[in-house]
Structures are given as structure tokens and as C-alpha cells.
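In what follows, chain A forms one complex with chain B and a second complex with chain C.
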Partner chain A sequence: MNKGIAITGMGIISAIGNNVEENYSALISGKTGVSKISQIATIHKNAIKVGEIDLTNEQLEAQLGLTPDNNYSRTALLGAIAAKQAVANAQITNMKDYRTGLVSSTSVGGMDMTEKYFYQYLEDEAVQKYIDGHHAGDSTQKIAQQLGIDKSLVTTISTACSSAANAIMFGARLIKSGKLDRVIVGGSDCLSKFTINGFKTLMILSDTDNTPFDENRKGLNLGEAAAFLVLESDEAVRAGNKKVLAYVKGYGNANDAHHQTASSENGDGATLAMEKALKVAGMQPEDIDYINAHGTATANNDLSEGRAFQRIFGHKTPDFSSTKPYTGHTLAAAGGIEAVYAVLALQNNTIYPNLNFETPMKEFNLVPQTQTKEKELNTVLSNSLGFGGNCSTVIFSKKP
Partner chain B sequence: MMKDNYRIASYCHIKNNEISLNGALIFKGEGPFKTFIKMAYQHFAVDYPKFFKMDNLSKLAFMAGDVLLKHEKVSPEQEENIAIVFSNRASSLDTDRKHQESIQDVTAYYPSPAVFVYTLPNICIGEISIKYKLYSENSFFIFDAFNPDYLFEYSSSILDSGKAEKVLCGWVDFDEENYEAFIYLVSREGSFIHSTEEIKRLY
Partner chain C sequence: MSKVYISSVASISSQRTFDNSEFLDEIIDHDDTVLSVVDPNYKDYIPPAAARRMAKGIKMGVVASKIALQEAELENVDAIITGTGLGCTVDSEKFVSALIDNDEQYLTPTSFIQSTHNTVGGQIALGLGCKGYNFTYVHASISFESALLDAQLQLENDEASTILVGGVDESGDHTVKIHRLINHIKKEKVKSSSLFKSKTKGAVFSEGANFFVLSNSKKNGAYAELGAVATYNTLAKEDLNEALTVFLKENHLDIDDIDILVMGNNGDVAFDGWYHELSDGSFKNTPQVAFKHLCGEFYTASAFGTWLAAKMIKAQRVPEIVKLNKEATTQINTVLLYNQYRGENHSFTLLHKC
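Then we have the complex of A and B:
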């Protein structure tokens, strides 16, 4: 019954690199991708820092070989690039040889183009093509097209910051239940004024580098990124004699029934999600070797997540760190980005430093890993905690 | 499976300024919805200040849910696995329009996060879940009209698969001044058979 869900490919583009290797090298050398914003003209440019991908839309379009009449949002561009990397990494040459689906997640979709052209839409026919690219599902359809997936399950998940973790979970369940043999899962979100202004209004954007789990944390930095994993069934792995990078061992999604937007301070949602994931994995808390925390560096998240660690792990919280200081918070893509980082941690037996940490929080004595650390890792737990207490946990392991 | 074994424990209607429980009128108010629902809130001594922050659809669904769950002696202290499956025709259009008006005019552009948060229909499920501490499965469907076949199949399947013990199910629609709620609790015990015909009859 408990089939192994194998990860056979990964692709990523983020503020710290345009592929898996670049991302890993930045992670172990402590090189951040967070800086002043350059590609979006915003009045907040001096008050915020972001995790921005250096490439322009034109450069991304060229990489994909798109013609000028395309209506790709930046979300679709980034997603297509990361998903194609993942498929190439898994050495898939024929999409049709197995029942292959796509579960992609996004929160902003084509909002970047809509906010750019909104007031021109009624008069300027040349930009009206972007209206069709606005909705979240459009980026997924374009990624499916780029990958050559048709007549199969192609769907979009948008549950704020837990989106990509939920995409991984849904993909794993599709394989486990035998509905599909192979699912490409992940997420993509570009920066937009919509998210910058939204988070600014919520007063949770830091004006400097984000400092997860630090007493003096000032909030998050937003980031843009896309990352995808190829999940395959035992049979597909065996038949193709595929190299397995790691396994999706457990997953859980929960809600804390606390508030429409905030998370409960005592970490109900994260606790429930971790409990469920451990149960699916058939593991005990002490089996976890490293936690890649959600750790956004907002007052609410880090307190809530830290309390959840204590509730699950008691006084024996394993090594943990948040990689948000590298990439910024990439919203719907975060669960995908951090899944790639979790697999890399397993492959290299390496824990990444939680950059910018200085002072432990007064509510508990949790101290994240602050230096790159080599250690035998068999199991990594990754948290993605969303607004409204929509919380997800995915557990990755070396063994099926 | 044993679909025919499920029962409907109770049902609640809210429309035309009246609230009824299991077919019996339990409250009659007056005025536009805003006035009527506030009268109902006072009449039933709901005592839940968050109610006043809700949009119309959430107030409607919350009131129906509160009347029914109280009658069924469901309490936030006692955790129960009750799934919620709601449906309607107008989605969250009533609030979407309010939000749209606040951003329509470039010179008087002032969107409110407190309004924006209600621009999804399933938020009303969240309001009931928050009050009753339900961590359960939930879904919101949009149909052209009340769709008892779909609700019957969907809630039976939730119960068959063991995802929940009970399902709070029904129709909560709000558009302009037209509103209607009809919700019912599907359970293993109750006076009514859980069948499409019976749902139609009670509706």
C-alpha cells in the first residue's frame, strides 16, 4: 500500500541561481540573492529588499524560444524554464510513455502583466493578449504545453504559501492511488506590485535582510522563483531503470481554524501538518535529521512555527534552518524551492546555514543552524505554512 | 457501499426574513438583510463579535450553521469531525462588487483588506470552522441552481471513505438583496433519510 514516491528530476530558477547546481553552490557558500529591487518600478524601492532573478523577460523568452506575439507572464516564463529542467534532469524523452500529469502552483499568476497594462487594456489592442494570461491556470497550461503534456491531468493549486507543498502532496497521492505513473509538481511566482503592496499593507515586509527565528526580526523579503520535481511510481522507476534522487515519504496538510488570514500563535496548524506527515511516513519525530523551516521572519510565523517544533519535538528539536534569507519568500513556489533544497541536503549530507541570525527569540530557546554543517542525513522535513493557517509539511528521505 | 444508511439529523432554512429549523419557524425578522440578520443575532444571543466583521454571505451561512449546530449540541470545546460542503449560484459576487467599486475610480482608489478577504465564497465555511474549531474537509461548489444530486453523492462519498463523521451540507446564496440558505447535517442518526428525493422535499 505505502508505495515509494520517487523523485527522479529537479529544476529550479531563483534569486540565487538559474539551475540546481548554482542554487546549491550559493546555499553552501552562504551567498544571498536578496538585494534592492531593480526590475519593478515601485515607490517602495528604498523601503524593501527582494529576492529577484537577474534575467529579464526578454532573456527568459529567448531561452524558451518564444516568438514576440507570446502572452507569457513572468510566472509562466519562470515556471516553464524550471519544469523543463526537471524533465531533462529526469531524462524523460517521451511524455507519452507513461501517464504523466502536471500539478503547478502559483499565487500571482499573470498579475505582473495585468498591473502593467491594466489601464491600457480597454484601448490598446496590442496588450489585450495578456488578459488571457491573467488567471492562475494559464501559467500551468503554458508549462504543460512546453512539456508536451496533453490529454492528462493538468491542474493548478493556489493555497498561498503552502501551494507548492500541496502540489507535491497531490502529485504523490495521484501516484499512490494509481491514477498516474508520473507527475511533475512544483510552483512558480514572479514578483509583482500586487504582492509587494499587499504585504507592505500587512506591515510584514522587512526594510532590510530577513532574519528568521531572530528576536529582532522585522518581517519578510519577497522573492520570485520557480521549482519543479518529477515524481515517479515504483513501476516507472523500475521499468526505466531510473536514478532516484530521493523519495517523498510523508505529507500532511492541515488548517488551524483560527483566523481568516493569521496563523494561531501556538502553532496549531504547523503542529497538525507535521503530525499528519509523520503518520503518513510511518516515522517518529526523532527520525527527522533536519528541518527546512518555513521561517519567513515575520513575527507571527516564526513564533507559531517555533512553538509547533516544541510541541512535536519537545526539547529535542533537530537541526533546523530557514533558507528564506537566500531567496526571499517565494510564496506559492516556496514549497517547491525548498523541496529541491531538501533533496540537495539529502544528496550532499549538508545542512544550510540560517543566515542573518543573531539573537534567540525570548519565547523559547530555539537556535537555528547558523553554519554550513555536514552530517549524515536520511530524512528532511520541510514546512510550508500559509496565510489563514493553511499549513503543509512534506518529508523527504533517502530510502523509499 | 452503505449510502442508504446515512440520515439527515436536522436542517435549517433562512429566507424572506425567516429562520426555520426542521421545518418549524423559529424566528421572524424584518427590514433589509442587514437589519434582519442583526435582529436574528440578538434574538439567538449569538455573542460572537467577529460576526460583525463578516460579509453578507458569511453572516447568512454562519447564522444558519450556528442555529443548526447549536441545536445538534455541537460545541467548540468538543472536537468533532464534521466536514462542510456548501454550494451556491452567486459565488461571492455581492462582496466582489463592493471590492470592485473601491478600485474602479483611479482618483478614489481605496481597496480595503477587510472587504477583500471575503472575495471568495468558501470564506463563509472558514467562519463556521473558526467558531466551532472544525479542522475537517471542506469544499464549496458553484452551480446554476440547487443541486441535490451532487450534494448527495459528494457527502455520501466523504462519509463512505471515512474522511468525516458528519457532513454539514447545503446551499447558501447571496446576491444583491436576494438571499437563501438551506443547510442540513448528514449523520449516522436522524429522523430523515439521506436521499436525493428527501433533500429535495426538505428544500
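Then we have the complex of A and C:
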């Protein structure tokens, strides 16, 4: 049961780039994608900053070669683009040569169209095609169709900000148990007025660039993104003589069971998730070389996550950073894009800087990595913590 | 590999099903296009102040989970896995309409928080103080089956020993209104008892919460053994029999081994053809049972079908109201459930007598 699950391909679209290479180049050069919002008309436009993808829906539709009668939400568009990159990167030419499934994740789903046409649906037949695109599974069905996955296991997870990490976890479980040979896993979420206003009412949106683990942090910036990984069984890797980018070595999910939206101050859920992941990986805390933190820069998250680091690692917390200052918090997709960043870190033996950090938090002596750092990396731990107390950890490694 | 058992059940549906000592003894013959659940007395399970704040989906989910835990004589479980097509859709509607009506001003967080898909699973965990694994699947008509499969894999591999699995969906006014526009809901009222003779397009929409405690050890009073679950994003009518053959073969079964076929027909003339493919074909001589005339259609309605299958196995009895043909069975050892919605997201679920 403890064998590593191979990652053979990855794809991503985010505020810092339309593919894997662009994302990596922005990460090592410290180039942020957080800016003023341009594509959504919101009254909060001067009070918030977001990690927005530069392309319009029309441009994304053109990339996918969709006809004007399509009913893709932006979540589906972004997801299809990232998933297709991942499949191309894994050099899969025939979906049928192995039992292949898709586990995607989203929190926004088709809400971008629902909020646009909510009342218009009642009188304008032309927009009613989007009604069936509202539910969260719709974007996944479309991604499967774009990839040519049919008659197979295709499902969607929605556990708020830990969703894509959980998709990776379920994908790994499906391969380990022998249900599937190959699973494309990840998540997609677009920006919407719904989430902007939702987080606004929770008073956790920063009016400036987010500053994870900083004493004076003011909250998060929302972002939009999609990212997918191709996971394959040992047999499929061997038979196809596939190049392995990295392995999913461990994973754990736990519930904070503390509050519907806030994390517990002592980081119970995050501690349990990291413990479980280490156990599945058969590793000790000192085996972790770098942590890509959830680090949303809300007062609550960074305190809770920092406390959990201390509980797991004692005084020897490994190098850590949050990449949220680059991309914003991309909600359900976050665990997916940060999985891609973790694999890139392993491939390049490079740790990304935690941008915008100035002052350590008074509660503990934790200072994130603030400069790009080259260092031999064998294992990277990635955290994703969400609403509903949902806490997830995935450990990526160079070796199986 | 450990075997997986359904230790307990709980159903809040458009029929009076929340009392586990009954089994469809009294049937409500609805005559409508949208149904609501028969409410249990929520206050017996949740303090009134807390219940008032809860969305209907949360209330139904929390109470169904309590009924299931009570019957399994458990205080807590190792994991909670929920399936929901739309989550607490009433709160989603509330937040969107308030956002539009008030031009993004004067909004409060409650409906935003409750609209998050994993809010039911989160609230159940919060109530139980369950810090274990907590997942929510949101994939249309296989949301529940995804949860069931996840639970099965963990129990088979002894990663958990008890898991609460459930499907929950609530109906919302706006959701109903717009689905009428695109004819997903029947135009004319239809009686439950004549749903399958309706010959019209669309379904009778509904809501419900069906929860189960699954365990990898057989407890006294266990309902059934969970044999297998398989889901398919697409399946053309002409591919259905082949998929079924492969599924049965993987589970070392023949058509003749199936004592009852439980089907998710919803009376939609445009999409019931998939079911007829089985009922008029390979399962022509097998006792057939349907359930959506009782519980209506919603993304996790198949969890009610699973409830029905589990109850029939434990009681070794098929209620008259669910029978689709006259074929009879003396022993109910193996039940196959087939479900799909609008020709997509198909599932096979296999239950055995234990």
C-alpha cells in the first residue's frame, strides 16, 4: 500500500502564466499576478486585488475551438485548458490504452454564469443553455469530454479550499486499490462576484497585496486558476516507459471540527492532516525539505497553520513559503496549482520566495523563505486548509 | 481485503421513511411536479435555536446522520463522506439574489457560508466532534455513488472501520423555476402511482437525505454487504449491456444471480429508455423494482434507491408499491441498482444479503 503514485504530466493556467513554464519563470523571478480586477464589474474593484487570468472567455473558447453555442462556464474553460496540457505533457495519445478516470474539483462551478443570468434566465431563451452548467459536476463532465474520457469514472470533489488536494488523494487511492491505472486529478475555479462578495462579508479580503505569515497581514486576495496532474500506476509507467516527474508519496485529510469557517487556533486539523500524510509516506518530519504552505494571509489561517508546523516540526520547521502572493487564493484549485509548484520545486531543487513578508508574527518565531533558494530537495509537503474545517496535506517526492 | 457492510440506514424523503421500524407501510400518493420531504421532528434531534439557523439540507443531513448513528449504536465514526448535487442551494439562491438586488451591498455571510458544498459534511463533523476524514462529492447523479466508492475502498483496506456515508439535496424555488423553463420538470402534475405511465418529458423534482453507517465488521442487525459500486460519465444506450456484463463478470456474477433489479426510472419519456434497455432485455425475467415515484428526482435520489435495496434485503420482502413486474423471488440474496439522470452519470451498485 505504500508505493508512491507516479506523476507523469501536469498542466496549469493561473494569474502568473498560461502554462507550466510561464508559471515557473514567474515563481523564481518573484513576479506577482495579483492586480486590480479588470474582467468583472464589481463595486469592490478599488477595495480589492485579485489574481486574474489575462484571457477573456472568448479567447479561452477560441483556444479550445468551441462553437458559439457552447455553454462552458469559465471554470470549465480554464479546467479544460489545464487538463489538456497535463495530458499532452504525459504524452498520452490513446485514452483507451489504460483504464483512465478524471477526478476534478471546484467550489465556484458554473456560478459565474448563474450570477450573470440569474434573472435573465426567466425571459431570455438564448442564455438558458447555461442553466444546466450551474452544478459543480458540469465543468468536470466537459473536461472529460475534452480529454476523450468516456464510459469511465469521472467525479468531482468540493471541500472548499482543500478540494484539489483531495482530488489528488482520491486519485491516488483509486490507483493504489487497482480500480484505475491512470487518473487525471486537479481542480478549477474562476473568479466570481459570488466569491468576492462572500469573502468580503467574512471580512477576510485584503485591500492590498496579501502578506502570508506577516504580523501585519490584512487578509487574502482571491484568484482564479486551474491545474491538473496525470497520476499513473507503476505498471502503466513501466509498460509505457514513461518519464516520471515526481511521486505522490503521502496524503492525509482531517477535520478541524472547530468552526464552520474559521480554523482552530491550535491547528488541530492541519496537525492531524500532516501526521496522517507522514504516516502514509512512511516518513519522519525531518524528511521534509520544503513546505508549500496554505498561507492565505488571513489572521486566522496563518496562526493556525503556523501552530500546526510547530506541533509537527518542533523548533525545526523546514524551509517554507506560501505562493498565494503570486496567484491569490484560487480556492478549490489551490491544491492543484500548488501541487504543480511542488513538483517544479523538486525538479529544479528550488524554493520560491514568500513575497511581501516583512515582520514575523508575534505568536511564534516562524520566518518564511523570502528569497529564491537553490537546495537539494527530495520531498515537498503541500497544505490545503478550507472551510468546514477541511484540512489536507499531500507529500510529493523525487523517489517512489 | 475486508468485507464492507451497511450497519444502519436513515432516510428523510418524500415518504414517511425516517422511522426505521417501518418500511413503506403507508404511502403518500403525491400529485404534483415538485415534492418536499416528510419532515421528522427536527427538534427531537437538534436544539431549536440551532435548527432555526440551519439550511434545510443541513438539517436533513444532520438528523439523518443522527438516526443512522443511533441505529448503529455509535457515538462517532472514523470518517464522514457526503454526496450532494447542489449543496444548500436555497442559500446559494439567497446570496446571488441579494447580491444582484442590492448591488453587492448589505450582504451577510450566513447564506454564503451555507452555500459551500461541504457545509453539510462540515456541520455533521462539528456536531459529532469528528476530526476524521471528511470529503464531499458533487458530481450530479453519481455524487452519492462516489462517496460510497471512497468509503468502500477505505474500509476494504482497513484505513477506517466505520464511515458515515450520505446523499443530501434540498430543493430551491429559483432552481425549480429555471428548470421548469428548460423542461427538466414535468409540465403537468402526475400522481406517484401513475408516474411510469406518464409518457411526458421531464421529471418530478424533489429533495431528501439518505445516510448510512458502513463498517468493515458485521454488526448485529446489519442490513447488507456492499458488493461493488461502479460509475460511468457517459454510456450510450447500446453500450449499457456491455458495461453491465463487464461489471457482473468482475464480480463473478451472472444475470441469473441477480434476485432484484432496482432502477432509477423517473417517468421522463426522453430518458427512461436506458432503463427499458435492461428491463425489456437481459432482466426481462428478473423481479424489477423502481423508487423515484416515491422519492422524486434529485441528484442524490439513488441514495434512496440504496436505502430501499438495503431494507428489502434485511426484511426479505418487496413492498407491492415498488414492484414493476410480476416476477417473484423467494430469497433476496443479491440486489443490483442501476441509476442515471438525463442519460449521463450512470451507476451500478451491488448489495448482498449478509
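Definition applied: the second predicted complex is superposed on the first by the 399 of 400 C-alpha atoms of A that agree within 3 Å, B and C clash if a C-alpha of one lies under 4 Å from a C-alpha of the other, contacts with A are read in each partner's own complex, and residues count from 1 in each chain.
Simple rule for what comes next: a contact is a pair of C-beta atoms (placed from the backbone, for glycine too) under 8 Å apart; a residue touches a chain by one contact, two chains touch by 3 or more.
If you're wondering where the values come from, they're calculated on a predicted model, not measured in any experiment.
*Asks:* Assess the superposed three-chain arrangement around chain A: do chain B and chain C clash, or do they fit?
*Replies:* The answer is clash.
*Asks:* Examine A:156 and indicate which partner it touches, taking first as chain B and second as chain C; both and neither are also allowed.
*Replies:* Only chain C; A:156 stays clear of chain B.
*Asks:* Does chain B (first) or chain C (second) touch A:390, or do both, or does neither?
*Replies:* second
*Asks:* Would you sort A:364 into first (chain B), second (chain C), both or neither based on which partner it touches?
*Replies:* A:364: touches no partner chain.
*Asks:* With both complexes superposed on chain A, which partner does A:173 reach: first (chain B), second (chain C), both or neither?
*Replies:* second
*Asks:* Compare chain B and chain C by how many residues of chain A each one touches, and report the one with more.
*Replies:* Touching more residues of chain A than the other partner does is C.
*Asks:* For A:259, is the partner it touches chain B (first), chain C (second), both, or none of the two (neither)?
*Replies:* Both partners, chain B and chain C.
*Asks:* Could you look at A:135 and tell me whether it touches chain B, chain C, both or neither (first, second, both, neither)?
*Replies:* So A:135 only meets chain C here.
*Asks:* Superposing on chain A puts chain C and chain B in one frame; which of 145-153, 181-189, 217-225 or 325-333 is the clashing stretch?
*Replies:* 217-225
*Asks:* What is the shared patch of chain A, the residues that chain B and chain C both contact?
*Replies:* The answer is residues 119, 201-202, 254-261, 272, 388 of chain A.
*Asks:* Residue numbers of chain A touching chain B in their complex, please.
*Replies:* Residues in contact with chain B: 119, 201-202, 254-261, 272, 388.
*Asks:* How about chain C: which of its residues touch chain A in the complex?
*Replies:* Result: residues 80, 85-87, 92, 95-97, 99-100, 103-105, 107-109, 112-113, 115-119, 121-123, 125-126, 128-140, 142-143, 146, 149-150, 153-154, 156-157, 174, 177-179, 181-182, 184, 230-235, 239, 243, 299, 344-345 of chain C touch chain A.
*Asks:* Once bound in the complex, which stretches of chain B touch chain A?
*Replies:* Per the stated touch rule, the residues are 106, 113, 117, 123, 126-127, 129-130, 132-135.
*Asks:* Which positions of chain A touch chain C when the two form their complex?
*Replies:* 1, 42-44, 102, 106-107, 109, 111, 114-115, 118-119, 121-122, 128, 131-132, 134-138, 140-141, 144, 149-160, 166, 170, 173-174, 177, 179, 193-194, 197-198, 200-202, 253-261, 268-269, 272, 386-390
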